[in-house]
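For clarity, chains are labelled A, B, C and D in written order, and residue numbers in each chain start from 1.
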């Protein structure tokens, strides 16, 4: 079943055409990678999914309803979460609080005035948040201030923040960028495990090792256009892709 | 018609003070990214440069005249300023030109004040949140004004313009209207011209000198310029000094218009911030434009229909327009007192970044 | 952090606070405390606690909070004029009016953030002040009585009370017959301690205000507000609508301001326009920062310090200072008087400015950070080697 | 003397409700009613509270008031040359304190804000045991503090307050004003303006937009229209506007030939200087010389306005160049102590302190109600203004009013105003039921118990 359908998206920044007639369908329960050279429009495309940008034309449908015109928080409430390229976390709060906030958002909706009962009274949410931190290997640091974490840890924290919401669709923007090899492998394992839970994922990635370890389907974006969409094993041989990447050289 | 022209003239004149202060404020904000709540105090310090020079020039020798008595029974004091005693006629001229002469004093003094402030205090706040910058400079403003108060007292100290630049100019006659319809104080026109010269000077400096180009590049992207191996910090220190000089000069020339007292800075502070925000944080052109615009707005909302006003049949076009305007104002009592703030609210809601502001400046 | 331990700490904190408030009059007596000053401590403490909920948690720096305090005090005085001299309806209506004003102004101002938000709130507050001072105080539409401030009169209707007392004076503000201005005096340790009934009411409200603020700080809502301060982007991509959170914080702090204004009027039934001036808004910012923004106790301490400076320091004249340095030799005494006199009496603003600058420069976390540092210094010297780096960066609460 | 004044002669009031709940060693609940009045002095001193602006726009005027008060205390306690005690018509005071007690004083800063003024007055009453509050330099503050003193039960002797309301719609039994008011200014100025400027004038008012300004504007309109002048417009200006040019430019071509500046303090200094800058002293309109009138003058403000005051008419409560014995005595002791002559604010404050002390001495007690009785309808002389009456019905002093003009050729830096006319009392006296003073009620005297 298709969970996300993107049709004929165009987006211009001044004179620059960032996205040109992009079409994309994401199947439920799959890991779908979007690759492409720098400036191909990958992040712009993701931004159109979560309400950070509004495409000039075209439609984005999630589970049959349009996401266009919705505010970012509404899109998230519909079940779309995102991990950013530069980690977006609550730097002055502890790791546990960082994960509890999305947990509350999931349970209580976009706004609730629950100003009386203490946070520490929310046993089940707290346990769940700890579980997530445990999943990403940060349980020990639960009470540290998150701003002091390493970049890799911040990214894992952000992942935990998304996971606690049990999203229907998880968007990952270069989840392993800047990580050491060992960390990358850990992350790949973690993501595989998540994929096993049936969460649909869209991954933007430069690291082909990551892409080919995870993806069940790959779309290639170049100069704002989808030039290829295929199974991983077929992509490598696609001449258009080779052209786009290295001017014809083999990957 | 003459009434409208007169109010426009007045608005420009009022606006030139706002524009000058806002210009300095924006320079500091644009280059250093610091919100300087002590900027009003710099304006006030400039004004007190004049007061000091004047005090110095009019230092008097006191001779007790034993033959005459004061009302409380002590010998009468005969006071003559030293400069007059020493230089005679020339001394008198010196005293008379104290205000324009203070420019010469204010430039080095304000430069020194500005540089000291930046090196001694502001420097340590570049990395701190804007809120803390606001607070520390606010504290500094209080300290500066209290020191001035302890020294000069709380009462305003009048300063007068040189006679040659005083009196009224017939502006209307100069532009070919009936004589005597548009007359305006000469000194206020001098102030307007002076503001024009300073503003043009600052713009040219930033536009046409290498120094200015580096600073502008630094305003756009500080890190990159730093990477080029250019010592941007020194230049920024100088910019702070320059901004202080601009504020100081605005204060010096303003003294004949408004007798300076210690509270002068605070009076202008809120206003100048409104001007900067309306113009757009970090936009020099915006600050200047907003200064003049708000000046004109203030001037026009202060009008009121006089009892002697021609009947509908005898009105000229200008008077018809005025009539409509007077009627609008009658429905808005007290509008002149809040117009500045109202303008700020409207501009910020309609054009979030001010008239000419850039995106992303000061939004967090 | 152990949940049980922290809830026990909170209990100690609130108990300690209650004890401090209850003993306030006794503690302050040797330092020149008197009933009106103590009431001011409590009232401005409430104001600062409320401001801290907005500024300390969400980071929105409002320069217009005095407008809500002013609106609240006008509402309370009108209540005294129209309803009766009982303080409860007055305080409640002050809170409602403060809340309404802040909802209105907050709704518009919160469309912007950063310094734009500060300037918007400042502009609104200045508009309120200017109108209250002039247009709204003119005969014909006299809501505020302008410069003099809204005062009670003998011929006010007071539909649910009496216009004038039997002796022909304006009845005093009271709570079910207990007069606010009544003062009790008792001797303790050789000093005479004065307490007014009004202080008990203020104390009750400041304890309540503190308790509510503590609940908010510990609640999910409080956590959301801190999230607003830290990263609004992340918040919205996490499915949270930031605007209502900020607005709720704004309105809550506006109601605190209204409560403070209502109490001010209850203690002294006059509402002046200058309460709304931007400098008054600046004062509550100073209080909060001085004590420590984002901490529970800090703002109250800040409020106390500033009100103490304003009321006690400003009353030191040369005569008092000479008396104070009496024990020194004459020449040294007069030298000390000469050195200190610019800082006391009419120079108290200078002292305030200097203290404030020092705090912002060296203790950005306010006095609370200072206390925390001193505390760490002691602990650090006792168990050296555990490493000071472990100490949390978050200010103590 | 200790750092803090610990000897508080505080007030007590019995209270069974909450007082008993305060587990305390001694509560004077029973003896409370035995006391006659609030802050009754029990030691050998009696404390006055001097509440003057020490910060803000009127700080210099406040400083001058404080000097006068210190001088008054000195004279009351027998120090100095005795000042006005020598010329005062009442000889009750001898320089041996009041009712056998030395006079002590405490000071407070009104900041020229109603709130701050009430707070410092409260401090002086509650903490320092002051049983009389005096001072102030603006009507808003005077009215606010007068209200407080009435409610607290102490006497308020107003300092410089010129608005009609102080002894009009906001009058209080416990409050007294020696200073004159806008009605009297108008009444005194009217004939002088007529004599100097004729009956055919078109006046433009600029008015400070607050209580006093409205009061002044109303009085000036009444009296100038009575002599046939036409009011072209009356424009309200915000307090502390600084630059008044936007209000001055419309005057230029409005057809008006007279500008009346209902401003005081900094506003007056600025608007007058700027009006002169706008050529309004040299202008000719309708074939007449354009003139400016400043209804309420003060020498301190004339100093601030400098050259601009020359030749401009106004009124004042008192001026140091007066030649009567009282004025000369006061100028002498003030000038010898401080080196310059006193301002009108200093004079009225000094006199108020003296009048209070005298009333207490004559009554033989500090009981507020007894003092109210002693002051109501009291006639005295020798205080610099000539024969004066404290009218019982509204607690307003009636005495001659000075019309002054900016001195064209000052002989010293203090010699800025010249007295043009002394308008006799009967010319400025108005009936108690004057419409501008309606709507108030003195109420009953309050002793605070």
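Everything that follows uses one rule, which is that a residue touches a chain if its C-beta (ideal position, glycine included) is under 8 Å from a C-beta of that chain, and two chains touch if they have at least 3 such contacts.
A quick note: this is a predicted structure, and the numbers were derived from the prediction, not measured.
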Chain nearest the global centroid, as defined over all protein CA atoms shown: C
Longest centre-to-centre distance from chain A, chain (CA-based): D
Chain pair with more C-beta contacts, B-C versus B-D: B-D
Separation of chain B from chain C, taking each centre as the mean of its C-alpha atoms, in whole Å: 35
Where chain C and chain D are represented by their mean Cα positions, the distance between them in whole Å: 33
Interchain centroid distance [CA atoms averaged], chain A/chain D, Å: 74
Sequence positions of chain A contacting 2 or more other chains: none
Chain C residues counted as touching two or more neighbouring chains: 130, 134-135, 349
In chain D, residues with contacts to at least two other chains: 55, 59, 209, 236, 238
Pairs of chains in contact (touch as defined earlier), listed by label: A-C, B-C, B-D, C-D
Residues on chain D engaged by chain B in the complex (per definition of touch): 55-60, 63, 202, 204, 209, 230-233, 235-236, 238, 240, 242-243, 245-247, 249-250, 252-256, 266, 269-270, 273-274, 277-279, 282, 300, 303-308, 320-321, 328, 331-336, 339, 341, 412
Footprint of chain C on chain B - complex, ascending: 35, 121, 124, 128, 130-132, 134-136, 138-143, 146-147, 150, 266, 270, 273-274, 277, 281, 333-334, 337-338, 340-342, 344-345, 348-349, 352, 362-364
Contact set on chain C toward chain A in their complex: 1, 3, 6-7, 215-216, 218-224, 226-227, 229-231, 233-242, 244-245, 248, 252, 392-394
Residues on chain B engaged by chain D in the complex (per definition of touch): 2-3, 6-7, 9-11, 13-14, 17, 70-74, 76-77, 149, 153-158, 160, 166-168, 181, 183-185, 187-188, 256-259, 261, 263-264, 267, 298-299, 302-308, 334, 336-337
Contact footprint of chain C on chain D as seen in their complex: 1-6, 8, 10-13, 15, 17-19, 22, 24-28, 54-55, 59, 106-109, 113-116, 118-120, 122-123, 126-127, 138-140, 143-144, 147-148, 150-152, 165, 170, 209-212, 214, 236, 238-239, 441, 443-444, 446
